């Protein structure tokens, strides 16, 4: 019982210390949220794998907006609900939008769209919809809301406002972050796409930190030839730019397992940290309490475990976080280039598809690329803020390796 | 050395000769310029050797893969296929592994990196010579700008520490360092390029406007800068935060140093104190970090150049990997490492030039 | 507050009080300090650690830490008949004043030189900052001064700071200190952290230079024998106040304040018996809540009720030798007894 309460009081005092640093506290809260979203939410949110819009073509990356009459707005959630109704369709390209399977169930009325966005297509469709000449309207752009808002004719505007509901951008329940090129819910991908990525990065970070810790302390404690050799090797590896090396390795061996990639990244990622840890151990060794232990004839192993390591815990922890950010950087970088496994649908893979499917360059499709971009960016920022706060809170004298 | 018997004395006499020799060798070694140059040479050697083993001796290495591919594709016997591959990689198929190694080594030193596999007849060196300058241009400019900017902003943060300015800049810096550089690149494309339509990302592909003639003329230089602008901005944004934070802490410790205090008591002008007394000393530790940064930024060019479709060395490396052009890949990698080592050497030597304490004695 | 100063007074400190604002309260670092410094005169400030010596000297060039506040007083410099209050100078005037009128060698200033600039550059910087741009003239002057401090001028002038030893740096700093012919040079423990021989050399150099260049010195030291050797005037500082001030011989042979006396007797002298070495009992007072009356009274062997109520004024029979104590007689008697004991 007292053990548990001491853990709680430990956590409490830690929170109190970290909350002094506002940015760090923000980072900490962010990480807690990330943990919740990526590790707990997947049990409640289903991964949306139903490519329900595969058969509908439209400009790449555009989001599909469903506009319906006010009266029966909540009846239409899926394409199936629209069976037998007349659906007006407007696309930017003006080309055919529905492909066979739907034509059996829906009556399609096409409204052509000029090359300019303000073309008569939307207007005509909206008027038809407001007058209840058609039951619903599909539009492959988010600009329909803007279009209604910017409507200058007061009469039309009134008509639209009274009669039209826009569920944007949707077929089915509304999507927080919109849908991807296949009409799948991006938010569900974000929820599911973090865990493996984070675990792999943590694995990589742990491996490089462990190697750095072992080699760094060995070099510092034993000195002499061992130190020289280890330092020389470290400097050598440090001279090779790591990312191109990974890229080349990816070209030679094809990485087909995300965790294996994490291990490899970990195996290559230790040199900078090793140098920092070596310096840290060297300076700790000079301190009084270590010298006292040495003069008592305690073994090197004992001194390392009992005297030096406890004094480096925060330093190692902080650098572990930085290692994790680096491992993540490299992993996602490889994925973005398409050189790492894309079978697991992570944020990196979302980014990869967002890029290869051209949504990057389409204003309406931005969410597909922007969502993972922000997920990754904010996660990394949270880690960095948190680590810097730890640095300040625990020991301002300790400087991180990077 | 304490000697007790006469013959030991004789021995120590000799030993001290050896010692003195050792001392003078060590003295030369401690010479900063000499030491960093030697280290650079050793590194280059090690990397060239490493690449040799990577390409030839690893299980599943490209040579075996290629030989097999050609055998299957063209139905020719192993020896013929092997000879073809050997010709591309430019090694003597009959020589022993050791001879091949020395051959490879001397080839690399003569900058002979073989010919491309996918487009036969193209020498890899020529391709690299085409792409490398652009990468150096973009990365070099980016690093220079961010280094200078980081020093200035970092000093401002230190001088106005705990002011709102400091807090805001610190937060910015954490964002800048925290977000990976390719994410910055994507953000720039998506948000500034597409959403706000500030520039036409599509038109900025490549390294310069083909309608201009390369050379020392204004339209060409302008278009080169335009095309490199986004990669440069990305390099700057992603590295700036690090410089700022480092410069801030470094400046704060220098501000506590006696000589700054004394300089004020000497009645020196603030501008002189800030530049030659505070700035110069505070920037010194950043030069050591520059060496790590150069490799990192050059390496990250592979993704950045892909994102902006900037045709530099990284783009070439990626292209050769996707087409499995192993000779090109090997060549780019070697050149990339040599470039990094060389850039580090320059940074190191500059450091020696800026800090007289390491110039001769090597002790810091 | 006598604005009229004799021609030979170069520095007058008038009722100077300084507090440091800290989290735990205001530290009353100096209280009502006043003294005159004459041309060519050397004055020593002696006192325990924390008594406020550095604070006084820093205020003379207005180089106090940011949390310090001058609550009262003036620091007047006289040059060619002009009297200026340093505390009222504009930023620009202050910059020009520093080093030209008053140079300071800081406490423990082993790192007084910018490590990345040659000594030559640092001399030139100093000269240029005060409008002296002729590098050759600066060089001639610097070499002459370096020779005066007994260094190899050519070598030192072209050296980087790290190529000089601690003592050499200190002497170079002395040379730099007098580069602009200041009227006053402040030396805050210039010899601590140096070995005895180097200390000696520096003191010799200093005496030598002062004779040749005729500047005034404010000399701060823990080492009373050095103070005795260097100074013409000695001021004893206790808890931020000058408790006794006078010519060096008067102070050393006829101390009128129990604290001065305590300081002197706590120095082991070769010709005295070891057991006579009486150090002052107790610890220096907390300056956030200083004792009432005479600040020394909690530690004073001659304390009476009056001491804890009223602070004694700085006064004396001779105008040049003043002490702030109610019980000078008691001290005199005790000293006589002590002398007898020694004699026996």
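Note that the chains take the letters A, B and C in the order they are written out, and that residue 1 is the start of every chain.
Here is the rule we use: a contact is a pair of C-beta atoms (placed from the backbone, for glycine too) under 8 Å apart; a residue touches a chain by one contact, two chains touch by 3 or more.
A quick note: this is a predicted structure, and the numbers were derived from the prediction, not measured.
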### Distance-maximising chain from chain B - centres being C-alpha averages
C
#### Entry: Chain closest to the middle [Cα centroid of all protein chains]
B
### Centre-of-Cα separation between chain C and chain B, whole angstrom
55
### Task
Indicate the whole-number Å distance between the mean C-alpha point of chain A and the mean C-alpha point of chain C.
64
#### Entry: Where chain A and chain B are represented by their mean Cα positions, the distance between them in whole Å
28
#### Entry: Footprint of chain C on chain B - complex, ascending
257-259, 261-269, 272, 276-277, 280-281, 284, 354-357
### Message
Under the stated contact criterion, what part of chain B meets chain A in this complex?
### Response
39, 42-43, 46-47, 50, 54, 58, 60-62, 170-171, 174-175, 177-180, 182-183, 186-187, 189-191, 194-195, 197, 201-202, 242, 249, 292, 295-296, 298-300, 302-303, 306-307, 314, 317-318, 320-322, 324, 326, 329, 332-333, 336-337, 340-341, 344
### Residues of chain A touching chain B in the complex
23, 235-236, 238-245, 247-248, 250-253, 272, 325, 328-329, 332-333, 336-339, 351, 355, 360-363, 366, 369-370, 373, 376-377, 380-385, 388, 399, 402
### Parts of chain C lying in touch with chain B, wherever the complex brings them together
61, 63, 95-100, 103-104, 106, 108-118, 125-126, 129-130, 160, 162, 173, 176
